[in-house]
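We just call them A, B, C and D in the order they show up, numbering each chain from 1.
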Amino acid sequence: MKAFFDSDLWWSFTRSPVTMLSALVAFICIAGAVLAPVLAPHNPFDLASLQLMDAFKPPVWSGEGDATYPLGTDDQGRDMLSAIMYGARVSLLVGFCAVIFSTTLGVVLGLLAGYLGGRTDAVLMRIADIQLTFPSILVALLVDGVVRAALPREVHDQIALFVVIFAIGISNWPQFARTVRGSTLVERNKEYVQAARVIGLSPLSIMRSHVLPNVMSPVLVIATLNLGFAILAEATLSFLGVGVPPTQPSLGTLIRIGNDFLFSGEWWITIFPGVALIVMVLSVNLLGDWLRDALNPKLR
Amino acid sequence: MIRRLFLVAAAMLAVAGAAEARTVRWAASGDPNTMDPHSQNVGTVTMMLQQVYDALIGRNRQLGLEPGLALSWTQVEPTRWRFVLRQGVKFHEGEDFTAEDVVFSITRALQPTSNFGIFVDTIDRAEAVDRHTVDIVTKSPDPILPNKLASVFMMSKSWSERHNATRPQNTRQREEMHTVRSTNGTGAYRLQSREPDVRTVLVRNNDWWGWADAANNNGNVTEVVFRPIASDATRVAALLSGEIDFVMDPPLQDLNRLRQAANTRVLEGPEVRTLFIAMDTSRDELLYSDVRGRNPLSDVRVRRALYQAIDIQAIHRTTMRGQSVVTGTLFPEQVNGYVREEDVRLPYDQARARALLAEAGYPNGFEITLDCSNNRYINDEQICQAIAAMWTRVGVRTRLNSMPLAPFFAKIQRDDTSIYMLGWGVPTLDALYSFQSLLATRNGAQGDGIWNYGRYSNGQMDALIQRMKTETGDARQAAIRDALRLYREDVPHIPLHHQMIPWAMRSNISTPHMANNQPFFRWTTVN
Amino acid sequence: MFSFIVSRLLQALPVMLVVSFISFAMFAYVGDPVAIMLGQDFTEAQRQALVRELGLDKPFFVQFMTFLGNAIQGEFGLSYRLSRPVAELIAERAPATLELALCAAVIAMAVGVPMGVYTGLYRNSWLSRFFLTFSLIGVSLPTFLIGILLILVFSVWLGWLPSFGRGDVVRLGWWSTGLLTWSGLKALILPAITLGLFQLTLIMRLVRSEMMEVLRTDYIKFARARGLPNRAVHFGHALKNTLVPVITIAGLQLGAIIAFAIVTETVFQWPGMGLLFIQSVGAADIPVMAAYLMMIAAVFVSINLIVDLLYYAVDPRLRIGRGRGH
Amino acid sequence: MSLLQVQNLRVEFPTRRGTLVALDDVSFEIAPGEVLGVVGESGAGKSMTGAAIIGLLEPPGRIAGGQVRLEGRRIDNLPYEELRRIRGRQIGAIFQDPLTTLNPLYTVGDQLAETMTTHLPIGPAEAKKRAVEWLELVGIPAAAQRVDSYPHEFSGGMRQRVVIALALCAEPKLVVADEPTTALDVSIQAQVIALLKNLAREKGTAMMLVTHDMGVIAETADRVAVMYAGRIIEIGAVREVVKNAAHPYSAGLMGSIPPISHRVERLQAIEGAMPRLSAIPPGCPYNPRCPFVFDRCRVERPELMPAKANRAACWLYAPEEAQRLQESGLA
């Protein structure tokens, strides 16, 4: 821990007010989302607590608002603040899981391709090339569609969240695989790896203990930058109506619903989730940018 | 080259603007999916085709019957109706309208590929008596045949034969039919051009037989440009910015704004469409529920409990923004057979609902899944959400399963549902249409219970429906009244409300509001 | 050169096959076209007849082979929803999407590349910081939100630009263009910006980082050591090398633009292929959806081929074996 | 008058942990036509010195003190544009790795012609002609055809010949050659060095030859400077330094120069390692490794002073110390 605070990373962190601010914002977003069940003033999923009478309450500062609902309510009388917190929870959950999924997949396949070389390498990289040709959002749409078609609706609704995670995750692995493969190729020929091989360590443990640590920092950068993309991809899918199930509205779902009320004066139903989404993605992207620069000092 | 094209285009625009054109630019969320008059019985097609085609019997502004292509009609025998046709009527492409065309059109609507079977289900055949007289023979006495025929458009026999379109368009055929994109009617407007999903242009048919009749209070529109705009927000934005003159389905939440805006106004009226919750009353064990071995919905106390748990006024006020007519019965007053005394709701009473549930053996409620469409009726998904919350509050933990029209219909048509919301319109404006489709025991007979996916079955109800089919006069009205009472007592549905249809338009447009949501531009005036 | 193209085309073949299989499999069981086509009133016998006539009762593989055979001839059958040949529908919509995508791409390139070059060269100027902030906001804004906001501001509040559709179009043979009329051009502005903005920021960031990467290379240092003027170093040596990867990414982004057009076209009711696709999804119009995906795959494969050729033209290293090597 | 004068050059790198001094008080001169070898371990500051002279230090490195004079004119403080005119024209540069030094997207002819038209009053046609001549001069076979080839079409050794041509084509008076053969195959290193040496002699070009290869120095240089931890610790005629190094470090360095025929890659190992720039000990930077270390070495920094036939920064050669040491019988 002490080593961390003494590191260059921490140093460059403390030197950048923008980064510190975005880290703070990201932290608040994540904390607010994770702790939503504890912190949120209402539980928007508890149908029994919804009062249609309270629908369309404007934010508290607009005069007609109600202190119980600081950011107002939507068309069902759901508290917007709570809905946003729970929505961010879903968005972040999908984003993180999708990134973890594509990172794991990409790193493993990249290591394999780079370390084993030969036919494995050729096949894996060819697949990655082909997939990179297609925009990830389309891949996600496709995967989502295939699963939707293959499974009965009731089953699908229960696993919809996983489907979205899988769809977004699967559409991003080639980036990781390519980076890791490149670094692995470099590391593989270094003396210490050769030496490890000579003393008879298994390829698996060589990769794990020697190659992996060296490729982690570019992977971390890509992962952070990808988190923003994953959250946006989920929002876009949900906006198109094929994302997470409506029973677990994400920020994208909230925006889609609120969009109907944009012109009618109930702007808060769409603007607040929109702002929350932008702030969240922006802070994550700022962190990613900083991380890339900090771990890549030559670029500075 | 490009510059010249640009100039030509500009010049053309200028010319178009200079002519004494009275254009209505009209938008709705859906585009008609065919121009064939007997292929698709859906509102989006009819709203377009009724400008172009006429039926034997027309409807006036209040949807009452009035002479159309037929000047008069009489039931000469119980199963034979005689129609005297209007003379001197020509189709848009010049053919004379005669009895042969009527026989042809009726026969065409009877083809298996027709989607208009429900309007001609009792017809056995049509016979030309002379050039301007037609007899229609029914299989059994059909007192409401004229109501049905008001929905069957008349085509030209020779034109259809020339274009190989003697059957309604069959979407299964590999080739495309002429009638999908082209029309040849007798109506007030001609189809000038059509790009599906983009734009459909109608121009005034100056030879239309109705223009001469001053009693019609005809309008002055010379051109109608229809553009489908699916997105609610975009449709409203287009109306507000003046790119569109007339919007048939403005979103409810924007009505206030449209009312207040200087250049737009909103015309409201009731629609002949009733929303209700239908329930599976026949299965021994309910699907998608946690109740084992029993079907709570087969118990009328549970149905009443669900009924009384719904705060319909809150839905009316908040979800529908006042744009609904709360009801306790199956259809609105425009429909023949409506009885005001039977249009009474069970009161909203949560305590009573809980008591009824306990009485029926469900003191802790149960779990249930409500199937709902999300793009079919006005605010359908929101209504279902509100109802789900209300039921959950009395202990019936409701999961909402909302989906687009296509999978929703597919699901309920598989009987794969335990409780669902449906909206039902009555094009014939007669009670039988609703009772027969929605509440008759499904027994294989044509038309009986075809939309009764809760498989409600009540011998008493079936007997009353049978009487509606055959009897006439007061006896028939009495049967409808009894059926309505039974509907109230047995709660096969939980009625919610009749939809209101607001039409929004630029202030310089005036048009009569139609309760079937089908505008007639021949009555529209542009100032 | 010739063999290069042939080998590329051969590589594209399995891609197309896989995509067609997916596009077919994806929609073979989704929705229920039968229920939609029959409308509200039908008998079970009618239903069965329709299923048979559509071939929906045949085994999956047979349906797929039939589909493939027809697809090769550009025959995708009749749209369930509109009862018109799918190929015709797509041909009708393609100009709208292609014009939109191309304009968006031009905006993205014309603005993104100079901005990227500038920020790459002058890393610490305040303008660079502004551009970078702008680009970060750009990549953090979802496309649909941009569209909604632009409509709100420029159509509803200011009333300057149309909020939907293509305006008036002029027909040039089978191609319909909105580029030749005033209203067509006006209608193009907001959607093109909406669609291009995200790509613009991506391209800018890409060019910037490539530029910075290239500026650190030995050959740039050597060019400086040879005393070449900054202009020659930056815009000759550095930019040309930067453009090699940028061409690839920009090419791939054109694909992304066409895909994201689905969202933009939905927001602006732009009568293109994306809107057709979404409308078809809503109606479970299988033939149209399958054809759209095949079409998109074909477009991507062509884009890839063009990118490869461009690469070939720009980067001499790929021309090894063309004779002069040793 | 000497061609290049470097006086008390100091290069600093500001970092978060304080300022690193990469070059400290470096002074030397190069006479017209002379070849000065600069040797030392990696990180000793050899390349840094070259970069500082041509004004291409990598940021955030900067010249913090001292002067660089070319023919008496001070060039270290010139505006970028004026210094640019000097680079290539007056001072050529050769980098280490020919594989990365050439722009892959331009033909070698274009790169040569571009350099010449930038600095010499000649047109493109003339430049093209001279490019061919230069390629011939550096020994590219079939130069007339190869002038339109791209760098990747040449082997490593051939590319370094192209780089040499590029460095010399505007006929500079001085060439800073930074490890010109390190990246090359051992078998062709000698050829390239010979080419460089001959061309320089032929054109009368002075050369600063940075390398860690003592063999190259021994065969090419007139004089040699030995660098350690950012300082010059010994400078003198090549024969003297090689045969009879004064500084203990140089002596160790020169301890085993094998004959050129079977040269080893690395310098002879000296016990310990050069200190990091952030941890240079006070006094003589070599003191922790020096076998002759005594108290003064740990406290006071030695300047260059006459030592044997050379000049060395070592207290062993301070007259007073020499006296004392002799008395104590250590030397």
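Please note the rule applied: contacts are C-beta pairs under 8 Å (C-beta built on N, C-alpha and C of every residue); 3 or more make two chains touch, one makes a residue touch a chain.
Quick caveat: nothing in here was measured; it's all calculated off a predicted structure.
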Most centrally placed chain, judged by C-alpha centres: C
Chain pair with more C-beta contacts, B-C versus C-D: B-C
Rounded Å distance, chain A centre to chain D centre (Cα mean): 51
Chain centre separation in whole Å, for chain C relative to chain B (CA means): 40
Chain B and chain D: spacing of chain centres that average the CA atoms, whole Å: 91
Multi-partner residues of chain D (at least 2 other chains): none
For chain A, residues contacting two or more additional chains: 259, 262-263
Touching two or more other chains - residues of chain C: 148, 152, 156, 266
Touching residues (chain side chain C, partner chain A) in the complex: 15, 22, 25-30, 136-137, 139-145, 148, 152, 156, 209, 212-213, 216, 252, 255-256, 259-260, 262-263, 266, 278, 293, 296, 300-301, 303-304
List of chain A residues in touch with chain B within their complex: 47-48, 50, 52-53, 55-56, 75-77, 153-154, 157, 246-247, 259-266
Chain C contact footprint on chain B (complex, rising order): 2, 5-6, 9-10, 13, 33-34, 40-42, 112, 115, 117-118, 169, 171-174, 176-177, 180-181, 195-198, 227, 229-231, 233-235, 237-238, 240-243, 375, 404-407, 409-410, 413, 446-447, 450-451
Complex contacts: residues of chain D adjacent to chain C: 54, 56, 80, 84-89, 92-93, 95, 97, 100-107, 114-115, 118-119, 145, 148-150, 152-155, 163, 166-167, 170
Footprint of chain B on chain C - complex, ascending: 31-32, 35-43, 46, 50, 53-54, 77-78, 80-85, 89, 92, 148, 151-152, 155-156, 159, 162-166, 168, 170, 172, 180-182, 266-269, 271, 275-276, 279, 282-284
